[in-house]
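Below are the structure tokens for one structure; questions will follow.
Chain nomenclature is as follows: A, B and C, assigned in order of appearance, with residue numbering initiated at 1 for each chain independently.
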């Protein structure tokens, strides 16, 4: 009997002391946190993708509470409603929040851009890019080992085995930008969605090689001829270093440049008519 | 020129070493002990070894094919054969077959494949299997057939091992020569120190392992048991008996030196060897098991990641701290 | 008595010196010579000729852009065809000067006679100016501008000049053949370098497999005070600067940012010493070098004296043409050389060899799990843990890589060439090194 009592007593007293110690420590080292941080964090998707530029959703929530305005604070994964609710909570206003998605700016499929060499080193775009521009004659285009695929937290980008290029699932893509940051060749561009169908007109090439070299390496390379520039009525296209670039914010989706391009390197995406020229690198939205 | 040029980066040549080469050399080094076990324990040794090796290979294939759904099976690298051999070497020759199969399943399944296969296992698979069997079937695992019953299997006469005699009947210990040649009771592969040392020589000659782990284990055991022997020779036996008996040779040469579960630097290997030697002596002299090698190795396996952190190679030009 | 060598790590690859007994042959003049503007570490040179300009052999065609940059001279006479880009040995397209060859007319200031100039009486500054104006960079492959090396940071007292004649890379014999061909010139070059650095002693480190060169140079230095020929045990990568310093002097260079000069040593390649002789004594800029063209299936492996800018394909033609089973062409040795995308790549100042690997020898085998055998740790001459850094590189854990001293890696390839699991260790380490280097630079510029 006494041994039972003894053990109950010893354990009970030890537990009490430890409990008191924990309580004291918790009080002494407690951190006052703005309750709004927790509230905002609950609204956020919790994917911790880092697309906002902060270390995870908690970091973003803290930044929302601590900053004076919502400028530069944008969760790329959330829709406008959520951002509006966050803004309401913090008492700030948001002007324009638009969703973004990733664009694959290379159409150098196995057919368009035949490989000249064979790389058998580490299967990583970053490692291959260090040594040379990949297996093809184009040192700017997609290397094709799928660093972007492995980094995507939303299962929104996959390698197309036929083309050897990544394809973005426009439905799943949240525009967080992890893939663009990972791509050693800067092929992926994160651009604002323009309309409900997510229509786009863009140059699917990043080669800054001069015309003949680019054309030699890839059938659909931009050669910097500038025909698109003169075709564009809205001053949305510029050619620099033998490469045309469509400013997605200025583009009005008129598609004049698409037909003007002799190389078929300008791509119109998600348009209903004339879908015969859809690039192979894009999965079509149904 | 017909083919496309390769463009992988330097180095462009390789010394030719492969996993297979290392594993096959280990198997080669195990052969003397295998032959010795046939000579000493007869048909029983053959049955146990074949059962263990075949079931280990079968389980590796089944697991990688159907559970992990891998297209390429790693059966060819020879590691399953080694696990099977080492497991068999750690068993007495009269084990019931179903127990050996279960031991192989644990060795390959829980010891290796659950961690992702060769290279990822924290513990030596054969020892995981052996310890499982030792705990599950303690009486069978400690019934040691007497040598030279060539055709007997489950009906073999059993007797105590030298280590089992230690402390009780120190005067009835077999002679050093018998222990060196393996004419004693014990697990299949552990009795013949001569064959194991030949294997050690093969491993060293082909640079499969370095000397550090086996030598430090043996030295530690010899020094510690030597001290105890000098203190009280009537209770503790001499170091040479300790070295020649039980699984010490087998464990230190083949089990502790497993690539995957041993430290990465020579300095780490020395500490790891000292740890195994120390634990073995503690278990042998003060524990309830007569043999402590397997537990000592498994415990040190668990500490290897820490050893790797403590004993890092000396960075070129860094002054000693 | 076993010869000296370095203590940590190292491997013993099959030497396969197919061309060690062959004398240097002159290479055919190219039809067009191509001079990439980045032949050295540091900023690319700036062209100082225009399309259509006539140039002679030895004419300056590009000026250095900064202290770490180097001059580039035409190695041929002819007309500048264009300034365009060319795929060089790095696999990248980089700007280069193209010159169409017409005849072989040399700048009159160059002394083309065979006579040996033994005594050079020039001030230190004049010598360094000449070396810089001749565009000399390290000929071993690192391409570090030599004039920078000869001006060690103040506070470092240099006491030993080490001549790197190790040539530890398998297959290559460019330095070996040069030593057999021009020992006197090399020794005058070494004396010039000793004078410039103000040192009393110089050591020529040669691996034992070049017994004839050791013999020859020993005979030549007997009369010269201060120069010693030191045979070294064969071990790769003995030609690494830090490894060679340890092998010769026993001193260990501390980790970066320490330089060899911190332990009182300057290491110069034997080819560079020869180039220094030609520049200072003969006023001849760096326009040609010895290149070993070799490979197991090459019909006529040889050592060629090549005008810089000649395409690799032309050298291969002279060595008997590209073998049918070619699967890899490498600029440099098999351990550290760079794979070429094609045969149009020009020979540059750092090209010590053209190696053709065939069929099975070239392709890597399938990669497997790391079995933690620790062979990479044992092989690493810098005392690193390649398995750990490579995994960190593969997973993008740059801070782990940095803590594991990735920046000390000399990219010798010992780890990868010993790995039984055939893991592309160096690919990942290189990636980690690149990223950690970038992070360190960002951190420094941020401060």
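The criterion applied here is as follows: a residue touches a chain if its C-beta (ideal position, glycine included) is under 8 Å from a C-beta of that chain, and two chains touch if they have at least 3 such contacts.
Just so it is clear, the structure is predicted and the values come from calculations on it, not from any experiment.
Visitor: Which chains, if any, touch chain A and chain C both?
Guide: B
Visitor: What are the two chains with the top count of C-beta contact pairs?
Guide: By contact count, the leading interface is B-C.
Visitor: What's the chain with its C-alpha centre farthest out from chain C?
Guide: B
Visitor: Between chain A and chain C, what is the gap in Å from one C-alpha centre to the other?
Guide: Going by mean C-alpha positions, chain A sits 42 Å from chain C.
Visitor: Just how far, in Å, is the C-alpha centre of chain B from the one of chain A?
Guide: 51
Visitor: So what's the Cα centroid distance for chain B and chain C, whole Å?
Guide: Each chain's C-alpha centroid was found; their separation is 48 Å.
Visitor: In chain B, what residues contact two or more other chains?
Guide: Within chain B, residues 3, 5-9 contact more than one other chain.
Visitor: Can you list the chain C residues in contact with two or more other chains?
Guide: Residues 91, 338-339, 341-342, 363-364, 424, 427, 430.
Visitor: Would you please write down the residue numbers of chain A that are in contact with two or more other chains?
Guide: 116-117, 120-121, 130-132
Visitor: In their complex, what parts of chain C are in touch with chain B?
Guide: Touching chain B: residues 8, 11, 13-14, 91, 170, 242, 252-255, 258, 322, 324, 326-330, 332, 334-342, 355, 357, 361-365, 368-375, 377-378, 380-385, 387, 405, 408, 411, 413-414, 416-422, 424, 426-427, 430 of chain C.
Visitor: Considering the complex alone, what residue numbers of chain B touch chain A?
Guide: Per the touch definition, chain B meets chain A at residues 3-9.
Visitor: How about chain B: which of its residues touch chain C in the complex?
Guide: These residues of chain B touch chain C: 1-3, 5-15, 17-19, 21-22, 74, 77, 116-120, 210, 259-266, 312-319.
Visitor: What part of chain A is in contact with chain B in the complex they form?
Guide: Of all residues in chain A, those touching chain B are 115-121, 130-132, 135.
Visitor: For the complex, which residues does chain A have touching chain C?
Guide: 116-117, 120-122, 124, 126-127, 130-133, 139, 209-210, 213
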